[in-house]
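By written order: A, B, C and D. Residues from 1 in each chain.
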Amino acid sequence: MNKIKVGILGATGSVGQKFVSLLANHPWFEIAEVAASGQSAGKRYSEACRWIQKTAIPENVGCLEVKECKPGMDCQIVFSGLDASVAGEIEGQFAQAGYGVFSNARNYRLEEDVPIIIPEVNDNHIQLLEIQKEKRKWPGFIITNPNCSTVFLAMVLHPLHKRFKVEKVSVVTMQAVSGAGYPGVPSLDILGNVLPFIPGEEEKIEKETQKILGTFKQGKIENADIALSVQCNRVAVEDGHIECVSIKLKKDATEREIKESLQNFKSSPQLLKLPSAPEQPIILTGDPFHPQPKYDVMQAEGMAAIVGRLRKCPVLDYRMVILGHNTIRGAAGASILNAELLIKRGLLNKFVSV
Amino acid sequence: MNKIKVGILGATGSVGQKFVSLLANHPWFEIAEVAASGQSAGKRYSEACRWIQKTAIPENVGCLEVKECKPGMDCQIVFSGLDASVAGEIEGQFAQAGYGVFSNARNYRLEEDVPIIIPEVNDNHIQLLEIQKEKRKWPGFIITNPNCSTVFLAMVLHPLHKRFKVEKVSVVTMQAVSGAGYPGVPSLDILGNVLPFIPGEEEKIEKETQKILGTFKQGKIENADIALSVQCNRVAVEDGHIECVSIKLKKDATEREIKESLQNFKSSPQLLKLPSAPEQPIILTGDPFHPQPKYDVMQAEGMAAIVGRLRKCPVLDYRMVILGHNTIRGAAGASILNAELLIKRGLLNKFVSV
Amino acid sequence: MNKIKVGILGATGSVGQKFVSLLANHPWFEIAEVAASGQSAGKRYSEACRWIQKTAIPENVGCLEVKECKPGMDCQIVFSGLDASVAGEIEGQFAQAGYGVFSNARNYRLEEDVPIIIPEVNDNHIQLLEIQKEKRKWPGFIITNPNCSTVFLAMVLHPLHKRFKVEKVSVVTMQAVSGAGYPGVPSLDILGNVLPFIPGEEEKIEKETQKILGTFKQGKIENADIALSVQCNRVAVEDGHIECVSIKLKKDATEREIKESLQNFKSSPQLLKLPSAPEQPIILTGDPFHPQPKYDVMQAEGMAAIVGRLRKCPVLDYRMVILGHNTIRGAAGASILNAELLIKRGLLNKFVSV
Amino acid sequence: MNKIKVGILGATGSVGQKFVSLLANHPWFEIAEVAASGQSAGKRYSEACRWIQKTAIPENVGCLEVKECKPGMDCQIVFSGLDASVAGEIEGQFAQAGYGVFSNARNYRLEEDVPIIIPEVNDNHIQLLEIQKEKRKWPGFIITNPNCSTVFLAMVLHPLHKRFKVEKVSVVTMQAVSGAGYPGVPSLDILGNVLPFIPGEEEKIEKETQKILGTFKQGKIENADIALSVQCNRVAVEDGHIECVSIKLKKDATEREIKESLQNFKSSPQLLKLPSAPEQPIILTGDPFHPQPKYDVMQAEGMAAIVGRLRKCPVLDYRMVILGHNTIRGAAGASILNAELLIKRGLLNKFVSV
């Protein structure tokens, strides 16, 4: 088949670069357009970009001219790695102009008619697009993916919530510096240090998780009734967010049942064989020294949640450590998987008009 | 007054060195003896020691001859920075020989007749020395101080427990590499990484806290009835353990009451004006970006618990971040404060026979 | 005596903060004014400033109102921690308005009539102030201190140059991140990495050293005839620049003679007992594992050059490792020492008219 | 063809592990035996080994039983990642027993009859095997590869030496912690620090380079007449040694000629198409911000020397920055390439008798 043309908004930033490298050899998509802020526009991508990926800039992208972030781009889909300070306006303009927008920014995530999709967890929330279309009269749409810490938590909670109903969750994160973009965290702040506060992050993870695990009913998402406490820290790690998690379940569950629920979990992306889907969305390890960001973050090419140290909790019911790649499954890879889902479901042309 | 002669066991190790540097100008104590394992014995301290403190070796200690760790040392008190692999036997020999042993090792901490003392929290547990004497027939004694993460947790829980009764505590630690001694954590393990497991540490913190907050009754410690869940991580920080803590209280408490309880807390070391006592054992900060190991760990010369980010918890009642200096108040400084307490209480000569 | 009122330009930046902390208890100076860019002006210093020092903000400075960087400040001397992008214009305005400007910026350093002073090395270059006055008609003046790597190199070369004449110098630096200011180096750039290039830095060190070691003759500095090759790297160190140096001397010198020249070196600041002068400007260590930034950078309170690993060089004559504190002797401390020199020489009122 | 059976000595150590991962899918070699020190012997490799590679243990190796490091192993070739403290004796025993030994240890490197081979540089030194056989009467042999810093320096100097004759070389290294093995450098030593001394390393690099660039004449290596000064530092980098190099040439050379000599350099491994040979042994970059360990160390799969910042030197003639992967081309990969060379030259059966 002919590849689908896609554009990348905020293409020179760190999430934008991750889109470029992940899409370099994508079987369905072809990067036709790269767009960034005014000072980059007009330059070749390879010149406009301070490239911080470890693989080389794909040649066919390096030579593209960087456009301004305005509709008029030659593509149907745009992946947005825009900063929240501008994403709200620009992403809205693209949806208004008929594009399918897959957004990493927080701006629309908690809007009633915008879904936060994790294909393994809540692909039925795509139905919100109907509501979105009706309400906003957009000829295009916006689908968001979750915050880079939310996604791994929600992926792991989902099979447990379905089987045992999750009541309470206590989470402490240790988040990598790449989660703050580039230039992001100053080295003077983080060398030999831990930052015990990431403004706005805790609330995001709490609310997004409740929405993602919620139920689509009568045109609305009814949030999951789960009490969540999230405490976020920044640590001197490059890639890979760690989450120490305790959960309380409504129904009794043995450790073996928990393990089975996690290990055997497969869902739409696996059944549909989406190109970016991990074979196993949740990888369980019995080695108590793992998961570690440095050694495990690239398992399943960064698209899975790695779970270790599953054990009883003296305060709630079970404890575990979750690791995920914050700029792959936690950002660009999540958007791409969402786009793959939409296409495989045959919904792209229904909701896009360019 | 004449200074009291003290010896240091394991004097060349990282805790031993911290004893040396903290005791360099102590008003009551004089380092008369330094002892270490066989291969160091016989050398001058300055030659035997790979010094890793940031202040110079005190001259009067540098020129001491390192002894073997055997009774026969010219002092009444020994501070032990011995590794757990040998501490059990050697510390016992010194108590047996009539010395007062102040131990950092885990070996005796959970023995029924050995107290784990934090002078601000449970100085009345010193009564266990009577039981210890009776049971073991030692002409000396052993007093332990807690694990380097336990001490800050117990210090902060204590005033809350007294006033509101603590029922449940969920803790996730991010611990500095100096907590593992020297050579300790290999750089290949920790550069750009988080280690989500420290063998044995979680159980230690859970049990020690219950004992320290317990009640001395009829010659025994009755453990506090608090459910604790502790998850430990090692991070690339040099000094300073961070703890993200959530607590559930039996009695209702407003945020203001919690703050007051922490901020106004003073106890025996402050009243007795012990030389190593911090003016305030608990320092509360309202700046959400703090406490940070790099910037705050030396407040109160490393002898206080620094508390920040106090706020409601959606799962338990309150959350906060605690920071403490793991090799000062978490190790050598804790032992020294214990010795000061014993002396001020006039108990040294009662329990020591050298 | 009444303290001399001083102002700090760029007071909220990282060098500005270092000025504030070093001047907090200065016997001669009193911080009367703090000034910064427009967005900080009008705020209290403690609010305007993201404080990154490890000691607390001095109370009497924290409550000052931040001014704009314009003449009209109530002081005779201004210490400038301004960024080079604005320092040229602003520092000129202050000199024009009659202030004595002590500048850390590179802008005026290579001007013919502006001295780069290291009091131990070239205090006679102060004579340039006469030329500067004559040429520019300023009622005030500008004195600069060297780049944060230059200063240590020049301090060590000076006694060798005087006695043996230095012909060639090959230098490779490993520079701390604090040298780039705040926010400065992004953590993604430096965690687990070395940056082998610092734009403009190598030329600065080469040229400044030749000027500083040059001779004041007939109203001009005649540069020292030394061939210098400098290669600069940024490493993941917080404070402390390391320089691996090889030198070729014109006259024969034994290793013992070199050692003596360095160890016994004292100069004006020591003779004049300037308050910020290190007792020994050059501290020599025979321990081959030192100097290390982490353990040695605060020797002599950060005001000395620490030299180690002095040994023969198979290519030039001698090799050594030099360490210095880049934001103390390499920046704020250097300016302060320059001001102390001027005052002790009784030159302040001669060249200042406010 | 049937694969050649190889054994790995010191297989559980960090170099041993790198052999295992590099040989996992080698077209010519098959790991038949893994051997390590007594305490590992008898265990399955996957159990004996604290695996610190980022790829999984190859299954067919993980299940091997670890042998003691004694002849009697079922293979013709042994790759040695043994520590120098035991390598001398054990490698000798294997050569004595008829095996072909490819050694990473320093023990035999400077022996007159043992070659240090870099296939691109001095493959003719293999002729030393004849001398070795004659002198030692070994039915097997030992070939060494250079120290992990030497190899990149020698690779880059070689084409320049051939064309312009190198007279003097000044080198300052910044070496990764993986070069010290595992556990290796304690994290307390290197976090936020630079270690300005690596015992024995400077002499090794100086002497090995002279031998490798030397000439085989009448059964002997005549060392190259090059003056070398090497200063070594350890930095907080995981993989990748950086070298800042200045060179003096006998013949005049333009910058363009130097570039051509480096860029166009190809040699035996490229002509023979050895499986582990990099396409270009020397990769030149014009981007002044590179090479950086973090971003460039895996170019050419870690088998090339990356050169950047080529420019004039005010003291010698030219300066540059060299980067190489210290545990691949600097260790295990170098040994493997040497074995490939020997086989392609048809020399294995001539010198091996098992």
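Throughout what follows, contacts are C-beta pairs under 8 Å (C-beta built on N, C-alpha and C of every residue); 3 or more make two chains touch, one makes a residue touch a chain.
No experiment lies behind these values; they were computed from the predicted model shown.
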{"item": "Pair with more cross-chain C-beta pairs in contact, given A-B and A-C", "value": "A-B"}
{"item": "Farthest chain relative to chain C (centres taken as mean CA coordinates)", "value": "A"}
{"item": "Geometric centre distance via CA averages, chain C-chain A, whole Å", "value": "47"}
{"item": "Rounded Å distance between chain A and chain B, as computed from the means of their C-alpha atoms", "value": "43"}
{"item": "Residues of chain A touching at least two other chains", "value": "52, 191-192, 236, 238, 294-295"}
{"item": "Sites on chain B touched by chain A in the complex", "value": "168-170, 172, 174, 191-197, 199, 206, 227-229, 231, 233, 235-238, 242, 244, 246, 288-295, 308-309, 313-316, 319, 321"}
{"item": "Complex contact set, residues of chain C against chain A", "value": "14, 52, 177-178, 182-192, 236, 238"}
{"item": "Chain D - residues contacting chain A, complex", "value": "52, 54, 191-192, 294-295, 298"}
